[in-house]
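Data first, discussion second: the structure below is written as structure tokens.
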């Protein structure tokens, strides 16, 4: 495959403790891929290594063929990778609109503007001047997604969108994903909810203790295969 | 893995403890073996360096272990000095005894002061402590019974001859050094001290383990104030003259910071190394006045940016030494 | 009494200028600049030196000083202070304290300990008559106006510009701000650069209003700090109001007894700290 984003034997450490043990990962342009796994499997660590929040060796992460491992986060973001971080992490001192505008700091050419975002998530337009942290969990997640989209990335990474949200809210969030993908966006979602992950993606990776335990097409992998890989039995 | 014990001392520390005791004994006998002419100036130097060192040691306890960076410890320094002087001049108390009382006064005053000071955190706590010291300074400057802004002299020692006075001051200085080191070392090895290290690492986690964070911090603050008051009282017993500007000068904090930063913060050896280096620099360069101070300032900046653990910390890391171990390690 | 309060308010204007730079630096990067006062004194002496060297008027020198201060602040942050930021407040405190000592002694060497001032061709003695019989100095009035304008400008910058958003974002969450493509090191440097423009303004005006001596720094720091605490953190107008209150308190103290002015200010600061530690006009922010 002609991978837009790939990792080759990616290793990552928190201080002296190793969290990732040689991850091989590939993502084709326009694909939607899911990463599942138990807590502590290394999914979020992987996201952070891709975006430079955790330093990775230079040649282990390749974006459009170019090694980007270890580059400063700002540099990676400017090249077109955006992350919706775990736990949303909106800026409490900024309003909804200002949070979205912050996302546009590293803006590239593309279809996503404030207006487009308000079409996708109308409730945000109503509450644009409110402090971002005054919104409900689901609405905050919309802001976080919108903030990442504002930079018009080529690859959108979503770390645990459903964390802490009620099922009905999760459904709402995921309803927006097809609209995002329709623009040709390449998406990686990290998910605890296996069902949602299978539905939302074409291919699936299962992480287990910092390694890839299973990968394959989402509609082909069986429940059994997945739970084996998930729990390492 | 065979039998493993948890021990605290290292071979080097045991040797150092022995050497330290020997040094103290030799130093105490100095009036006996040193030629009379230089003995006097040596004793005065030791008294001076003792005050700097104890101040630095207490600052290190407060900042390095307690996590409270203060540039206002001179409040307790000056208070110790003034209380000693007032007890000596007006209370008829033997000034050498009053040194201890001055320290106690400082420790007691630290209790209400902490009520105000603990409202602030981090950098603002530091500057706030300075304001408190300024309040003390201005307060004493308006106290005419101790000479107001121009200060006054310690008259209570008038009757004693110079040699005896110098000897007594010298021995008390040595005693104070030993007491301060023992106090800090003992505190850190105690359960309270262990709690302090836990708080330093992660305050929230420590609290969740049932550690009374506020209580431990208050204990550190009071102990540091006591020690600082001791140093101040000692200084002015040696100096015989006190004034608000000398007693409450922020330079004391500056020197302490310098000594600890150079020597390494959060380690007991830090102030010792720092005090020795400071003393040496003082001897060599203090004639250069402003350039000397300028150099000190630059040195502190460079060491902070380059040697984050101070010079002694760098030595420790490089050669794995530990003279005053508070950490427990495994010995096979 | 009205006169005293008025004098106090005008004095507070100057204190606000001392405090705004401090408030800005702390707000954006949690850095306590203990050399704040010394930099103000340095700016004043730089102006004095500039007037002597270039033989031009004080206003021209002041105008030249502002962009110089901007560049100086930017460089200082990038080369020295950025390395001290982090969870531990000690490194930034020691480095700025070291800078304080370096500046004071440098000034002592170059200018000696004598107090100096900036000649303003009599501006500092002119006054404006007010209804009711009292009079108010033109220079203090000018300083007050400058302080108010600076506060308004800073508040506007923070609330309505991209740079202000960047300041607030990086202060909230540095890591996520970098995820937006921000270079935190550059943003911090911009904040310090702006703070130093305010410092330069404060220094020049202080030098015009009264005399400056190399050892004045620490006291100015305390005034700046007290203004910020009394006013409450998180808002520039809060700092401004805190400064005014400090100025008034000091003037009342001076009136009662010349030795009590500054002392009363300290007491007021401690009182606010005990009774209302978040300050009198805080903005709800972490």
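Order of writing sets the chain letters: A, B and C. Residues in each chain are counted from 1.
FYI, a residue touches a chain if its C-beta (ideal position, glycine included) is under 8 Å from a C-beta of that chain, and two chains touch if they have at least 3 such contacts.
On a predicted model such as this, the values are computed, not experimentally measured, just so you know.
S.K.: Going by the contact rule set out at the top, which chains touch both chain A and chain C?
M.R.: For chain A paired with chain C, there are no chains in contact with each.
S.K.: Quick check: which two chains are joined by the most contacting C-beta pairs?
M.R.: Maximum number of inter-chain contact pairs occurs for B-C.
S.K.: With chain centres defined as mean CA positions, report which chain is farthest from chain B.
M.R.: Ranked by distance of C-alpha centres from chain B, the top chain is A.
S.K.: Please report how many Å separate the Cα centroid of chain A from that of chain C, as a whole number.
M.R.: Using C-alpha averages as centres, the distance is 44 Å.
S.K.: Using mean C-alpha positions as chain centres, tell me how far chain B is from chain C in Å, no decimals.
M.R.: Going by mean C-alpha positions, chain B sits 33 Å from chain C.
S.K.: Report the inter-centroid distance (CA atoms only) between chain A and chain B in whole Å.
M.R.: Centres of chain A and chain B (C-alpha means) sit 53 Å apart.
S.K.: Considering the complex alone, what residue numbers of chain C touch chain A?
M.R.: 162, 165-166, 168-169, 171-173, 175-183, 285-286
S.K.: Note which residues of chain B are touching chain C in the complex, please.
M.R.: Interface residues on chain B, with respect to chain C: 63, 69, 71, 115-116, 119-120, 122-124, 126-128, 130-132, 134-135, 138-139, 141-142, 250, 254, 257, 261, 265, 290-291, 293-294, 296-298, 300-301, 304-305, 308.
S.K.: What residues of chain C sit close enough to touch chain B in their complex?
M.R.: 26, 30-32, 34, 80, 83-84, 89-95, 97-102, 104-106, 108-109, 218, 221-222, 225-226, 229, 259, 262-263, 266-267, 269-270, 273-274, 277
S.K.: Looking at the complex, which residues from chain A come into contact with chain C?
M.R.: 51, 53, 72-74, 77-78, 83, 85, 89, 91-94, 98, 101-103, 105-106, 147, 151
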